[in-house]
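Below, each structure is written out as structure tokens.
There are two complexes below, and they share subunit A, which is joined by subunit B in the first and by subunit C in the second.
Moving on, here comes the complex of A and B:
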């Protein structure tokens, strides 16, 4: 049967074989032939037509009523043929979009690339994974002239292409800020102005910005409505939620961002995340922040990078390896 | 889960819009369609009752942000009432609670 030639003749032969013997092999052949017909763009009405011709060749005495019935079937198939053509056009278009998206995703990766700085006495671990091709989460490290480290973490409302475009805007706005060391509150205030002017009314961005000074271990931070991170105090072994005030970027230009300060001591740890972590949904359940914290605790004995990866793997498994939202986790450990 | 949106009361100056279900990327357009026109009437107050909204994501917040912007442009106002804890938390984290008229809990 493998040698079946995908021609009209073989359709006739198979049809005859089946009518004469009810051989299952003929049905198997029909299945193969229909696949090759689809590949060649042969429409359903053409197949019905072939069917009518084949029957007429085989039988001289076909009842008129039966033939008319088949003609009727042929007419009914015409719209299906059109639908098939439309489907094929859409498929081609989809492939085109897919390849464009692939290029765009590559560009975004290059554009948003950031190097994790090496800081004395501070380990930095990062995992950032997109749910779709383009990532709506953004993180960036900046090393200032005086050796201070800037850490930016942002999440654009929504996912996919619109979010990614918005992200690129943030990246450019950040790059155009003056070089001299600006505090987190000033940076957010500046970015807010840019975002507010340039986005759709329903679009907004949440962002956390921190500045770390290795010499004094001072950690300054401000938040624009971003999912609060956690601060682990090594001496008391307690987790503190990094509660902040500050409105999301893009709502109103008239807003200020308070600045907060901690001094990172030996044994302390900071966990920064996006809501792809805390809004993790499995089945009909939502993960509570307590559960997120439990997972973090389970892995906190590991070095920062390994810890971030292990925590990510845990949530990936929880969601059956299908992320619903972009996921970014940054761990700072001293 | 689906979202139901219904105008419960309406007179010359106010309307109460009740939502029930989950507000996410799929259902948010429905809320937006019902809410935005109400914010475009001058001196009008629209109350959004979120008593039966058990879940909202950032798309839902986006709808309220654009509604808030619209109230400012049209000199109207919006008040959100009866927010469940989970939904209220979103408004707290994002700082929107500071700039929106929001009442929560059973008596809100």
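Moving on, here comes the complex of A and C:
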């Protein structure tokens, strides 16, 4: 087929060609013209008007009734034209918002960046993926002056921008704490006060904080209503749920967070996660915690980082590569 | 400037009357079919606002004849409740009557110039101009 070069003013020619021959070529031309009209923001009423004018130029004897009918059609197109213009404006706005979000997400990444510490005899693996552009999960590692490691893991109920803004606050609050002197319970108690003062009560933030002392293998932890992690005992080959007490951050200004302690032995493993992991959905089904454990068990022979990545890939695939909630998984292996 | 013509808006049928008068003036000024239809739709929108929210008001038409250009000015004024947040009603996608692509942003698109003044408890004046090209 010959290439058809379409100009806007060829509407009339194409119309005439079609009326005379019913040629498919003319209809193909009409398709191209309509696309070029859309690109130029030409509204339906203008096209109907062009149509009327073309017909009048071709036929002197157009029946008055037909012409009136076409005027009527033109009138009904006005609102469609407006809807089209509105759509174009909204699309531009959406592009603007998208690019703003992209910048914000980049800023968040820089702001929340953390380096996984290298600790003798302890492997640390981390995967944290946002469901949308902005991440409502937060994790952070702190290395203290005496070599102890602080591990923070938080989750804002909800996702997107509000959650991300909350996370920035947590990050700043953490930065302003005198890190060396504080155990998990004190840190949570402090953050709770900050959150209670600054965050809307409808916003829930759960948080898990742990401190690990490499010299003694002691693992201290407290939790503010956070999804319980798992402790794998290498000797008995059993998983234990890390049950904790402690209110979600920001509910009341004065609350205490009990501190718990384990000593990590050779072959033990700790799994910390957010509910984006345990509330993975496939179809209409929620994953049970037992199923999560099964997946973890399948991959626990791997080094910690590889294991975390494999577990993430498994759930990503289970959800058809479309995460519904922010997903963070931290694996500590000795 | 020619003498003003106006239509009082009390019943829904008055919207039709306003459209008709506006279209006639537009045609006499030399506006083509498409612009006539756009002007009529703009009149509908602002007249309907009076009918729905203000109960009583009027739509006035003025022809503008300058040195080089002619135009039609439409002024809708009412003593209704007024609009508290004009920015909001001028936002795309915001209509209380559940319309699509119309409302006051639609009027702004249909016409060449648009202005709105409103005071809560006193009323609203919408002015829109279409120039003859």
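Just so we're on the same page, the second predicted complex is superposed on the first by the 325 of 334 C-alpha atoms of A that agree within 3 Å, B and C clash if a C-alpha of one lies under 4 Å from a C-alpha of the other, contacts with A are read in each partner's own complex, and residues count from 1 in each chain.
Methods note: contacts are C-beta pairs under 8 Å (C-beta built on N, C-alpha and C of every residue); 3 or more make two chains touch, one makes a residue touch a chain.
Since we're looking at a predicted model, the values are computed, not measured.
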Request  = Identify the partner contact of A:110: answer first if only subunit B is touched, second if only subunit C is, both if each is, neither if none is.
outcome  = neither
Request  = On the superposed three-chain arrangement, identify whether subunit B or subunit C touches more subunit A residues.
outcome  = B
Message = Between subunit B and subunit C, whom does A:215 touch in the aligned arrangement: first, second, both, or neither?
response = neither
Inquiry  = With both complexes superposed on chain A, which partner does A:176 reach: first (subunit B), second (subunit C), both or neither?
reply    = neither
Request  = Look at A:46 in the shared chain and tell me whether it touches subunit B only, subunit C only, both, or neither; answer first, second, both or neither.
outcome  = second
Task = Could you look at A:238 and tell me whether it touches subunit B, subunit C, both or neither (first, second, both, neither)?
result = neither
Ask   = Which holds for A:64: it touches subunit B only (first), subunit C only (second), both, or neither?
value = neither
Task = Answer with first, second, both or neither: which of subunit B and subunit C does A:74 touch in the superposed model?
result = second
Key: In the complex, subunit C residues that touch subunit A   = 32-34, 37-38, 40-41, 92-93, 100-102, 105-106, 109-110
Subunit B-touching residues of subunit A, taken from the complex the two chains share = 157-159, 200-204, 206, 224-228, 245-248, 250-252, 255, 275, 279, 286
Ask   = Considering the complex alone, what residue numbers of subunit B touch subunit A?
value = 25, 32, 55, 57-59, 61-63, 65-66, 68-70, 86, 93-96, 98-99
Inquiry  = Please output the residues of subunit A touching subunit C within their complex, sorted ascending.
reply    = 45-46, 49, 52, 71, 74-75, 78-80, 82-87, 89-90, 93
